[in-house]
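Worksheet for the structure shown next.
Chain naming follows the written order as A, B and C, and within any one chain the residues start at number 1.
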Amino acid sequence: MNESTGGGRAGNGTPILEVRDLSVYHGQLRALDALSLRVYPGEVYAIIGANGAGKSTLLRTIAGLHHPQSGSVLFEGTDVTGLRPERRARQGIVMVPEGRRLFGSLSVEENLKVGATYARSGPWTIERVYETFDWMRDRRNQRAQQLSGGEQQTVAIGRALVANPRLLLLDELSLGLAPLIVQRIYGMLPQILETGLTVLLVEQDVSQALRVATHIHCLLEGRTTLEGTPAGVSAEQVEAAYFGLAGTAAVNGHPGEGSVS
Amino acid sequence: MAWVNAVIQGVLTGGLYALFACGLSLLFGVMKVVNLAHGDLAVIAGYVAIGIITATHMPVLWSVVVVVPVMAVLGYVLQRTVIQSSLNRGVLTTLIVTLGLSMVIENGLLQFFSADTRGIGAGMSLVTSSFSLGSQIQIAWLLVVIFAVAVVVLLGLQYFLSGSSYGRLIRAVADDQEAAQLSGADYRHVFGIAAALALGTVALGGIAYGMYSDLDPTTGTDTILLFAFVAVVIGGLGSLWGTLLGGIVLGVAQQIGAQINISDELLAGYLVFLAVLVLRPQGLTSRRAQT
Amino acid sequence: MSLATDTSVPISADFHVTRSRQNVAWTGLGALVVVVVLALFPYIVYSGTTAILVQAFIVLTLASMWNLMAGYAGLVSVGQQGFVGLGAYFVLILALHGLSPFAALPVAAIGCGVVALPLWWLVSRLRSGYFAIATWVLAAAIMLFIERFQSLGGGTGLPLPGFTGMNPTLITAYTYWVGLAVTAAAMLAVYVLLRGRLGLVLTAVRDDEVAARSSGARVGLARLIVFVVAGIGCAAAGGVLAISQLQVQPTAVFSVQWTAEMAFATIIGGLGTIEGPIIGTAVYMVLQQTLASYNAWYLIILGLVAIVVALFARRGLWGLVDERLHLRLFPVGYWLRTGAGNGRPRSLRN
């Protein structure tokens, strides 16, 4: 039924994350409109869309920071819609928030230690983070607020990794960073994926998202306008879906996968 | 010589004021709210200690071992119930609720225990004995002990905040509540622990003040809360050792004021506070201004 | 700024922003009748009743001022007893210099408004909790400063002179009328202020301070005006207090209990509405009168009720009324009416 090119993914088994008919309001403003999606283990699932499309709201709702008016979030088959963010983090949904949000007065190492406080068991340790990002060890006693933007972003990723997430949520990694730094940070993604986690990311930089993602999902005004693999969608389709140009409906007649099954 | 004496006495009372202030400062640093019932809770600690000592004839110092944990538990419970739900509703609600708590405690003490003043450990050698420095300076052992306790408490707090896992979480929550949640930390629980620490320390302050002077139902606001606040502002908002510095400055100002005119003791302390507010609103130790 | 002066501004064919002029006219007339009837009380009721009403006037004036500060300007002061005490002492000082206490009261109130200016400069750099407690310290410092003057009775205070030769019944009646006049003036001042430009600025600040500042609202000036007006109002109430007690005692007039009472009356009645302080004062007086023989109990219960209301009925008792009836006696906000007015009006404020 799904006309988009992601149809073959269902063979990967049960989804690690399933979002069903999620509607979120900010006051009177509808940020997400009955949105559905499925993320399968091992995927790099990229949500793209213009400013105000509802991308960050979606990620924050999955992390538990917003409460949906209706719809549900299922993680590994269990409904987590009513759980607080800290509960979800301890179960394996860990987010790197937009704007890094490090604990500024804490040192780099203390930031990692906070991330590890409620960690699940798994491959990631503070030591492993130091091995992966080698500059960090030398500067572990520096206050987080003294780091550059790119360094802070890396520490924020490290802080999330030491919790050993099953699902890593990355919110606008590229925000406010130089293109070279952004490339370097996304360049580390394969190393992270090796350890067996799944990534759901939000990215405004579409070309960056298309480069790293295994699956893309375009939002416009809180609704799905396009879904598929980067290889399976054309630049024109993405552009039309991104800006909501006429003819988008033809690209994807169905709002998402939630209605399929 | 009288001036030297004033300064020495002032410095030592600064330790007592630091005990009043460090909990207030900690809670403000973590939750960005002022607990207006802070002083009244210290008075409760003092009254509980008096009650225990009267009922069981327990030595004064042992009563501390009982009262401080009890107050810490009370702090955790108050935080998780009344104060947390007021925090969810905004700063104004927190101020109203803690002001209400203050009024309920103060008038409750007045109703059940009268307006009489009560001391702790009257006649104890620790309370009455002193030693001499030279011929004109008499220093009470009690003040020295209280100062030492304050230093130990601050060292303990510093060690806890910088070295322990919960201390790190307290600082993390103070920096960014939401990011701490995303790391799995339940900030309500962390707030509760901070409140337990705050009430534990101010319980010490209440008992110490009961030994140094007298407690009555209004001591909590007239003396403990206001002195704590003045010490916090002079020392710099949110700074732990700043509370000791602020306490010392307040103590010295008061003693020098008393030296000039015995009735100007309190006014001198408040004038220094106002001067700091005008000249250095961020306090003496703080690097950046906070409002 | 046209919204501030027009009572009704059409936005489009379907929407209409209004303040409903008839409502205001009726309320104004009603308020006038209430004041006139109250003014006749000394002729028809016992002096015990007017004495209780004087207390109510003091609390209502204080609550209206605290409501103006906390409910509209976001200034949560715990130090208003500083102005209550200053007002009482200014009346005392003027009376000691031979002025009639009744004539001294307006002078004292204005004088306190002048004193409020430098005090604002001291505390205005602090926010929320720190503002609250800094005002408290300030009040304590003012009391200690005044206690230094032996000519004002030092730490024990003085009886208020200037009543010798006056008929006691007349003193009681004058005190009552002065109290009524102060309360009526205070409430009128709050109402006029909030209906004018200041009200708009404060509403904008309450909704979004950053946006209000960036759109050019003079937030600092608005808060200064509120602080000074509240200082004048609390000082006038303090003057009435001094006159009704016939003496001024520092620990009594500078007691933080005044601030607790004005804050709790406001919270219980409904913060941010003009009606709230009236309801709250009524609740306060009922509690105080019924529990008066049980010493401190009315304060304990008042504190508990304030905590419960603050936690569970954020808009106070008047808020509960308002939610059900959409009633405003003193509308200072705007109503959005849709269509031909067949729908229920929705307040833009809430």
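Everything below uses one rule, namely that a residue touches a chain if its C-beta (ideal position, glycine included) is under 8 Å from a C-beta of that chain, and two chains touch if they have at least 3 such contacts.
Predicted model only: the values in this text are computed from it and were never measured.
Using the touch definition from the top, list the chains contacting both chain B and chain C.
Looking at chain C and chain B together, no chain touches each of them.
State the pair of chains with the top count of C-beta pairs in contact.
Answer by contact count: the chains B-C.
Let me check something: if the centre of a chain is the mean of its CA atoms, which chain is farthest from chain B?
A
Where the centres are mean C-alpha positions, what is the separation of chain B from chain C, in Å?
Chain B and chain C have C-alpha centres separated by 33 Å.
Between chain A and chain C, tell me the centre distance in angstrom, where each centre is the average of that chain's C-alpha atoms.
So the centroids are 52 Å from each other.
Mind checking the centre-to-centre distance between chain A and chain B? Centres are C-alpha means, answer in whole Å.
45
Please name which positions on chain B make contact with chain C in the complex.
For this pair, the touching residues of chain B are 28, 32-34, 36, 82, 85-86, 89, 91-97, 99-104, 107-108, 110-111, 221-222, 225-226, 229-230, 233, 237, 263-264, 266-267, 270-271, 273-274, 277-278, 281, 291.
Considering only the defined contacts, which chain C positions touch chain B in the complex?
70, 74, 76, 78, 122-123, 125-130, 132-134, 136-138, 140-141, 144-145, 147-148, 155, 256-257, 260, 263-264, 267, 271, 295-297, 299-300, 302-304, 306-307, 310-311, 314
What does chain B use to touch chain A in their complex?
Going through chain B, the ones touching chain A are 165, 168-169, 171-172, 174-176, 178-187.
Touching residues of chain A toward chain B in the complex: what are they?
63-65, 84-86, 89-90, 94-95, 97, 101-106, 110-111, 113-115, 117-119, 159-160, 163
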